[in-house]
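This is the structure, below, for whatever I ask next.
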């Protein structure tokens, strides 16, 4: 099966266009790409982007000695977007913060991923009726993993990182598409 | 003389040491700050507007999201304000459970303050130790109300559920081990000469100016002003416990830091006495299912973790509040930041901002 | 025997080439290429290992477990990091000075590699035994200051500019006490040749005869390699990542690895000058000399890591005051005392 | 003396180097959760009388209940929780006096796609005459595009 | 349910100095807008009141008027006092207290930002929480907005 940017095995499996576009954006199974994906999966450096309460659970408690994100090698918390791979949107995105979220996302070098952590990042959560809250991170940037919970537990965040690792290494998403 | 040019530097909304999305525009003459203009509002979720569309009980989970490091204190402040408005008598056991949970929340909030301050000055290890000990409090909260950070445990008229029976032994074990941990922080962070060189005589806050600018909590007591609502205007059952209020001498970053560690020791003392005097009995007063407080308004203040936390509740007799205003200590403590940072270097702005211990959920409300 | 396994290999290769009838010069060139390849392999492996060791040490100091998922017990973690960093997109900011921006990450490795020429790995296992070894060491080491500064200047970012300025201020002002501290040892040995210095430490290491110089050297070395408590350059909580804030992917990897290469070099100098290089302590010579050398290097590296995960960061002006007003006079006093000591030593006629 | 605090710091970190590590290795060992933990929701359909007390108690209108009239008795035909708006505060569990809606101990709720987040706790077709015994479908295997 | 805990003798002393104020039954003082500044200056500077701490400053949008609420605390005597000023619905304006207390600065900017009440006699009255380009004043009852719920 020859894999190019345009033609991709997933098109034979499903005709849901959003899924195809999503998979193409992230995975094209050239052999060298497979090796790089393996390396990328094992070293997803999060961008320390704490907005609200989820930042305490997602950035601080997950790196804390008890849950220890460093076991996966993801504890290199780079605050400069240039050296980060994953943008962990942890907290409520308000209208005043939205342009900065988009600018930081664009400053990150490709390939990059986004984890929307907490109800606020998924859909504005408790503040969805507010006049000043963006209802969800996917209104601004493409999101790869959604972690529901109003401040999800740190081990739920670890679970999300492992789901993202499986997605980066191309294991899970393809099986689901079938 | 060589004409030097001022540069403006954005310690922007996304910066590791602004404890969240806080933006300080620094005008600098090569590392010496000439003007520090704070810009906040990046986390303004309009909670006061949302309050007008929710009933009194439904607003309780929103108070957790204000100062998300000390959720119990926010709940207690709001709930006591509504009880004062409706003149509800809270049973004894509920009062004691509230004191225990509030003091635990205060310790958790101070642990984060101490930990992030150690990171701001550069010592990451101190941060990790504080978080390791904070996890113990998280377990206690999970036992009591099911979630770690956004607790919503208090109800108008008492508490949601009684303490589980494995709570008291776990709490006593925590009380026995915590003092040795506090000594460890003193040894690692407070005693360190480099830390002292970075924080002593930095960001001096004069008591008169502190009172004039409405600064409250550990920042005010560090300047030597004796004002702690638990002592000066005892609410709930705080008058039954004896504890000291630590005061600082110079009102610099070092005093603000050590005041927080001493306050943790005092909170442990309060919890120990509260556990000994914990009476039996109901945890919830007789409260109608649908609360309709009489029309009128009330302003009630408690001693939050960051300072004086006040709730101004206006009710028009319906089951939804007409207006709720939260007097947020972090927001008001920031009013003086500009003058406080003038003349210091970037590293000191980080130290001063960290010593004020602000939480952005509370600043932007 | 294991002791001169490398020296034996070199002799065998030389005799092989000579037997094949090639001119002696050709043999030397091939031998030198093999030595360079060996040193490059050593640097690559040890830098990857030190990054893993730093993260594990950080974790163990902080009551948690470091990387243990990637590869056996997490050993491939740094390899995964490098693999990812290689395949990242290279972003050049529009306002950046392109040529300088791209050149600096490449150049940062040059001084480090040059310095490995004079590193005495074991008994007569030194690439080039210059008779001005230590002098060469400091001359080349101070080149990296310019590279840090140019990297910060080229990325056209205010944070990078401040980081670059701090880099220049810090590294220059801590060269002086470092060199003056070394002077004490050079005075006793009388020569700057690496092997002479090591041989002079046959019976007593210089750490015992020159304790003050050792302490000054360690402090200045921490400042030289920008590690806490002097990591002003890359103060995370102040100026985020200093000069290499705009570098992503492979550019950042080069800066990151060069920092650890400098760490190895500084530990090498510490062991050579103060801990007796490849000399076996208390005569335990059944362990080969180059193993002793590695053990001592990694002990010094562990001490630098111990400092990093204990101390907070110092402020810029305190850094300068401490450097100029405390370390420089202290090292001058040390030279003075060493001078008097040597004079008395000779006068008594030992 | 000047360096005394610095040495104390070193001594503490050295002690910590040899103390037991507190890490709970998440995927293999899991942390014991408190019985009152607010995890994912579980609905006991027998108990539920579709009174929508929980839907009114919720601060953020997360619960959506569909009912059908069956000879003068209200029957539950659909129970959907929009978890993306949920606060996990437990007011609904408290409001339900039948104890139908409860918290489970499951917290791994992460999904790849946003439309899989709403939790369909019960999707029975309206029973024609008598009450079909549709057993309560816990969150795991509710049909629909659940992954 | 007392709005302010202050002995009645002190209140009577205030009443005869400022006849225009009315004291409601739960001891909250309603001050006409014209005399606000002098009343507050008296409260702060007079040694037997010594209200040196302005703890809270907020506003409420009632159907027929705006009300600005001031809460003051005297550290020396431990008194607390709640003062109110009623303003008209259109163009609400009140004199600023930043000349007396520094804590009024940010709280007045927040009230201006969310209510649109103008505070006269102060510098830098700009929005503090919302963007400068935000249209309208959110905490007014007549503010229309569309939520993000789909």
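Order of writing sets the chain letters: A, B, C, D and E. Residues in each chain are counted from 1.
To be clear about the criterion, a residue touches a chain if its C-beta (ideal position, glycine included) is under 8 Å from a C-beta of that chain, and two chains touch if they have at least 3 such contacts.
On a predicted model such as this, the values are computed, not experimentally measured, just so you know.
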Partner chains that chain C and chain D have in common:
A, B
Relative to chain D, chain with the most remote C-alpha centre:
C
Name the chain with the Cα centroid closest to the overall protein Cα centroid.
B
Compute the centre of every chain as the mean of its C-alpha atoms, then state which one is farthest from the centre of chain A.
E
Can you compute the centre-to-centre distance for chain A and chain D, using the mean CA position of each chain? Integer Å is fine.
22
Using mean CA coordinates as chain centres, what's the gap between chain A and chain C in Å?
38
From the C-alpha centre of chain B to that of chain C, how far is it in Å?
46
Listing for chain C: what residues touch at least two other chains?
58-59, 61-65, 236, 240, 309-311
Note the residues in chain B that touch 2 or more other chains, in rising order.
15-16, 41, 44, 46, 49, 61-62, 64, 125, 128-129, 132, 135, 147, 150, 188, 192, 194, 364
Mind pulling the residue numbers of chain A that touch at least two other chains?
64-66, 68, 71, 79, 96, 123-124, 126, 128-133, 136, 150, 153
Can you work out from the touch definition every pair of chains that touches here?
A-B, A-C, A-D, A-E, B-C, B-D, B-E, C-D
Touch list for chain A against partner chain E, complex
95-96, 123-124, 128-136
Given the complex with chain B, which residues does chain A contribute to the contact?
48-53, 55-57, 60-61, 63-66, 79, 91-92, 94, 96-97, 100, 104, 126-127, 129-133, 150-151, 153
Of all residues in chain E, which touch chain A in the complex?
130-131, 138, 143, 145, 147-150
Which bits of chain B are touching chain C when the two form their complex?
7, 9, 15-17, 30-31, 118-126, 128-129, 132, 188-189, 192, 194-195, 197-198, 345-348, 350
Given the complex, residues on chain C that touch chain D span 59-65, 306-307, 309-311
